[in-house]
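Two complexes follow with chain A in common, the first pairing it with chain B and the second with chain C.
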Partner chain A sequence: MEPKNVMIIGGGIAGMTAAWELAEAGLNVDLVEKSGFLGGHAIQYTCKATSECLQCGACSVEKMLKDVVGNNKINVHLSTEIESIEKNNGYSIKLNKTAAFIDAQKCTNCGICYDKLKENNVILQGYSKNNMPLYAVNACKIDENKIALKDVCPEGAISVSDKASSEDLTADAVVVATGFTPFDPNRKSVYGYDKFPNVISGLDLERIKRQNGFLARPSDGAPAQKIAFIQCVGSRDENLGNLWCSQVCCPYALRTAESLKHKNPDLDITVFYMDIQNTGKSFPAFYETCKNDIRFIRSIPVDIFPIENGNLNMRLFDEAQGTPIMEPFDLVVLSIGIMPNSENEKLSAQMDIALDEDGFFKNSDDLNKTSTSNDGMFIAGTAQGPKNIAASMAHAGQAASGVLKYLGVTK
Partner chain B sequence: MSEPAIKLGGKRKSTFIDKVKEVLPEGGNLNLCLTCGACSSGCPATGLEGMDPRKFLRMAALGMDEEITSTPWVWMCSMCTRCMYVCPMKINIPQLVYYARQTWPREERPKGIVGSCDVALRSDTCSAMGATEEDFQFVVEDVLEEYQESQPEFKNMHADVNRMGAEFFLNQNSREPVTEPDEMVPLWKILDTVGADWTYGTKGWAAENYCMFMADDDAWKHIVQTKIKAVEDLGCKVWLNTE
Partner chain C sequence: MNTKQQNDVETIDMATDIAVIGGGYVGLKAASQISENGYNVILAPHNDTDVNFSRLNVPSTEIDRLKALEKEVADNTNVEILPASTLVEATGVPGNFTLKFLSADTVVEKKAGAVVVASDTAVNPLNHIYGLNPAANVVSLSELENLLASEETKKEIQTGEKTVAFLVGFAHEGSPVLMKRILNSVSEIVGLDGCSAYVYVNNIKVADDGLERLYKQCRDNGAIYFKLEKAPTVKQENESLTVSFHDPVIRKDIELNPDIIVYEESLTADEANLCLAETLRIDLGPMGFLQKENVHRLPVSSNREGIFVVGSARDVQSLSKSFADVDNMVLRVKQLIGDGTKSIPAKAVVDREKCTICLTCYRCCPHGAISWDDKAIISSVACQGCGICASECPMDAIQLVDFTDDEMADRIKEAAAVTAANTPKIVAFCCQNSAYEAGLAAKAFNYELPAGLQLIKVPCAGKIDIHYILDALVEGADGVLVLACHHGNCKSESGNTYAQWRINDAYRKLAQVGIEKDRLEFATLASNMASGFARIVIDMEKRIGQKKD
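Moving on, here comes the complex of A and B:
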């Protein structure tokens, strides 16, 4: 019997895990990724170990990326989007690949294109050395840079055409692993994210740590000494229409704080919270350790004022003190949450599967959170709702197992 | 943290918060609190009398009616509604405070607020400081004349009183004409610069409404109706209350 084909939409941790599981089971996989790199959001995250591993899962993304790139049953389509998808006997899919892209067969990862065109973000560099190629053409910059793109590569690995090229695929089943969109902190205007350089998001923090090796303040590059984390930014908020807990922000803030503190015990870190999502096997014990190193204040602040040297004055209310005080910080980290992918409505219409009231993909069976109303389609990862790395991988494994059953490969 | 633990009573009584929920749209969202404390972080009255908006709401939710209806903190709230503005769950804490005020016997409410309301109720000016129609008109005309002369660029500035059919009917807090008359002028200049068609009135001119702060619904209503009548009698289209 010919091996079955499965298409996976989205090359983040969930999509990669589903792809790898299915390839290992002997199926042919087409992994379609809109951006120029595999790894999604999770590949940007840094290791949060102190003297011991804090089980953040960041390294498992790196490992999975390596496994997927090295697996010849997985055909990776980078810089590619779904144009249309039709269910007949299986699925007929039309893909669109951007007008310019780097051909993985010819690219030697020499980095000449990046050196010459990184200035205006025309060529982007992947977060992981396991990205193949390590560089990609920025889809938003193609039109005005076609000539430069044509000439820059000595190997002729950059393909430039007049318009996006299309490709037809068939698949016996589809896995939707389109992930999430991080909360836009500008929607909580009280924090001045767009006005004060040293107010950053949790995602900015990861990028800064990755680029600098330490937590540098955006305003002057100096190492941050006195740091505030504000929890639940964008989550659990009726005004924003986001009533869900994003589940990942407490763990990432606390792990990051502990890891920073481990490297530099002199750091002064405060976490402002409403209640700590203290779930999982080892997290309660970890939370107790954190209380020795971090100041916890159970009130979400709402006033941040700029003072000298890029520092920020915050009005904070510690119930134990009884009265509010003004206190300066040199960096404020907003623990932003997981929002439905901003393209979910479009994707939902394309694939004819429903969204839930929050805008995530709706599982049709309460007992199987990978199920959809469309028989051969399965959801994996944060496309279905907030999840951490480990939960996304487990969910993707469940989706892969659903695919295998649906296709009759397993019972 | 050294305070003794709060002891809760045995049987659950019909609580104050339940009664307030009944009169507010959506129950004022009073049972949606996530205890995040954004209200208390942003409230100017946090920490006064050992109270803050979150603590107040939590105590109400726990049925601690006696404490809720006796704390003088409710009179320190300025009804600015900032707690509700920053609340992720849009909880109407100011209304809870308002109804807690109503449980106070009139004679025990703060003298300053009660006295100001009483004075305002005495005449159609609604002035809490008792400034009369004649005094108000005299001060406005006197100050206007002074500025028209001393600042030639404003020699044609208007500050009319009782001009029929003006677009805007402007209120004025009593404090300015009575104690700081010059403080009226910056707004006049702004209105003059933008070419606004406005007037004061001798009736209903005072902007303040202490009867609202006293949580006396009938008196509050009387004050508002007196002002509305003044606006309508002059045939103005828009009532500008600067409070």
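Moving on, here comes the complex of A and C:
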């Protein structure tokens, strides 16, 4: 029997896991990724180990990425979007590839293009050595930089054309693993994310740690000493209509705080929260450690004002006094939540699968949350709702299992 | 000895019967899914558990499906059920396990290609933490669920216009699985005319689909939550109940007299897990659940190939997540067993002339891959190629096919011989799962690295012999680094610990011959720590470089 073809939309941890599982089961996989890099949000996270592993799962994304790029049954389409998808005895798909991309066969990952064109974000750098190529052309910047792009690569690996190219595919089943969009912290204007350089998001913190090897303040590059984490920024917010917990931010903040504290025990870290969510099965013991190392304040700060030296004054409610007080911090980290992918409505219409009331893809069966109202289509990962890395992988495995069942692939 | 010639691909017959231990819904689902994929199933339920559907967090519409699942498995001729059984012995290797069950007072022996553990959780009422005695008006969450499930008792609550107080999250941290049950009950109570619900709660665990919305719905319908750091004081005198506490929001002491108090329960690991872990030689993880939280493994895998843990066997999980586990387990079973024959190259070989069956290898193998007849035998299917056994074997009787001692000696000689002008020579032994990847990443991202740095890839830090370290120094390395995975992040569980022990041993030996301690360093890394790698090697270069000056 001819091996079946499956198309996976989205190359984050869920899409990669589904692709790998299906390839292991002998199917041919087309893995379509909109950006220039596989790995999605999950690959952007740094290791959170203290003297021991804290099970953040970031390294398992690294491993999965390596396995996916090394698997010849997985055909990866980077910088590519779905133009159209039609169901007829399987699926006919039209792909749209951006007008400029780096040819993986020719690219030697020398980094010359990045060094020359990183200033204006024309060339972007990947997050892992397993991002192949390690560099990508920023689709938004192609038009005004065509000439620079044409000549920058000594290997001639950058292909620039006038138009986006298209490609036709057929698939017997589809996995939707389009992930999430991080909450835009500017929507909570009281925290001044766009005004104060030392108010950063969790994703910013990851970028800073990766680039500097330590948590440097954006304003002056100095190591942060007194740090606040504000939880539930965008999640569990009735005013915004976001009636869900993002599930990853408490583990994120606690592990990050512990990891920072391990490197520098003098750091003063405060976590502002509503309710602390569990990190894993060792949570009770871990939470006790955290309570010893971190100050927990059960209140979400009201707002933030700048003071001297880039420091920030935070207005918070003092439980003992029953009044608002001001407390200075030199870095504030916003634990921004998991929002539905901003393109979900378009994708939903394209693929004819419904969204739920929050805007995530709706599962049609409560006991199998990868199922959709469209028979040969399955959801994987945060496209269905907030999940951590391990849960996204488990969900993607279940989606792969669903695909195999749908296509009648048994032992 | 060159073992490469022995590296024949072995073709192994794999038993296609799969044993499932645990007969709750997750066990039944596992049996059904495995059977659907063409394998026979031996289903070994512990006992006939009293199923309480509300405890499963299943909408009433799904109950019929679960009942149908029970019937489907009972009628499935490819599923053999061993009623009321306990696993008493497990020997063999993946593809060929021999299992002995005590089933209805007789010992039954079965062959299985793989074993799936689907044990349930235990429910523990926590009234004693609050100093409460169970009574008609002091009930556990399960008891309340039963009261609400019966029309008659539900009506009693309603006509009595009862005020119900819930105590949540002070006796233990709880979980979204429990929180969903609590919120469902709160929702039912506030839905009864004249009834009201007060919820005294520490952290509200809303980290699962739909819980924040349910929490809000309850609030909108009149439920009142008091979020407290410490448990309220509860008094139970005859039938009178008093709950007093300090409200942090209005900053006042408050006293309430509910008609009913509902105390929380905890869901803990099945006590059977302890015996199962021992019998199956798999690791027991935190809180008595099976399997360590090792991110190098896919969620349902244990430290032994062919033994899988699903659902509540590995953590407190909702039924939908447990069913996702089942689907993931089926993928692993298919990958391992396939159609019943497997061709696999050996990763490690035993020199039968040298082996004295001291069984050091059997004891140190973290994957249960080693058995013996008149010599040690390493199962090709079970072996993960870490090499801990090869380094621990006192007779040097075990060689890894891809990392023989001869090849390692050549590689060390070669690495120590490379010179860069005026800079120290540093040999870094790097675990291929972490530090080696980090090292390659540091190069790819153009981090500044010492000119005299040479990486030697090892399958696991547990493969780094003390000889390797000493040989590198003898051959001319100025510094040696042993770079392992973080504690708790070793793919072979204990490889990094073995490496650490050997380093300590090496320090003693170096001290005896007067070599400075800082020529040798042990550090831990993850595969994504390119900058961490660069920092460690540069630090060593600086340190030794200063010495040289």
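The rule is short, and it goes like this: the second predicted complex is superposed on the first by the 403 of 411 C-alpha atoms of A that agree within 3 Å, B and C clash if a C-alpha of one lies under 4 Å from a C-alpha of the other, contacts with A are read in each partner's own complex, and residues count from 1 in each chain.
Methods note: a residue touches a chain if its C-beta (ideal position, glycine included) is under 8 Å from a C-beta of that chain, and two chains touch if they have at least 3 such contacts.
Nothing here was measured: the structure is a model prediction, and the numbers come from that model.
The superposed arrangement places chain B and chain C in clashing positions on chain A. Looking at the shared chain after the overlay, A:N368 reaches chain C, while chain B stays out of its contact range. Shared-chain residue A:G408: touches no atom of chain B or chain C. Of the two partner chains placed by superposition, only chain C is touched by A:A49; chain B is not. When both complexes are overlaid on chain A, the residue A:G221 reaches neither chain B nor chain C.
Shared-chain residue A:R315: touches chain B; no touch with chain C.
After overlaying the two complexes on the shared chain, residue contacts for A:F283 are found with chain C alone; chain B is out of touch. Shared-chain residue A:P154: touches no atom of chain B or chain C.
Contacts of A:G385 after superposition on the shared chain: chain C is touched, whereas chain B is not.
Ranking chain B and chain C by residues of chain A touched puts C first. In the superposed model, A:N239 lies in contact with chain B only, and not with chain C. Shared contact residues of chain A with chain B and chain C: 236, 238, 274-275, 298, 319, 322.
Contact residues of chain C toward chain A in the complex are 16, 36-39, 58-59, 62, 65, 172-173, 175-176, 203-213, 216, 227, 229, 248, 251, 285-287, 289, 293, 295-296, 298-300, 314-316, 319-321, 323-325, 327-328, 330-331, 334-335, 337-339, 433-434, 437, 440-441, 443-446, 485-489, 524, 526-532, 535.
On the chain A side of its complex with chain C, the touching residues are 21, 24-25, 46-47, 49, 51-53, 55-63, 66, 109, 111, 125, 128-129, 134, 210, 212-213, 235-236, 238, 243-245, 247, 250, 274-278, 280-285, 287, 298, 319, 322, 366-370, 385-386, 390-391, 393-395, 397-398, 400-402, 404-405, 410-411. Of all the residues in chain A, the ones that touch chain B in their complex are 190, 232, 236-240, 274-275, 298-303, 315-317, 319-320, 322-324. If you check the complex, the residues on chain B that touch chain A are 1, 29, 32, 34-38, 40-42, 46-47, 50, 52, 54-55, 86-90.
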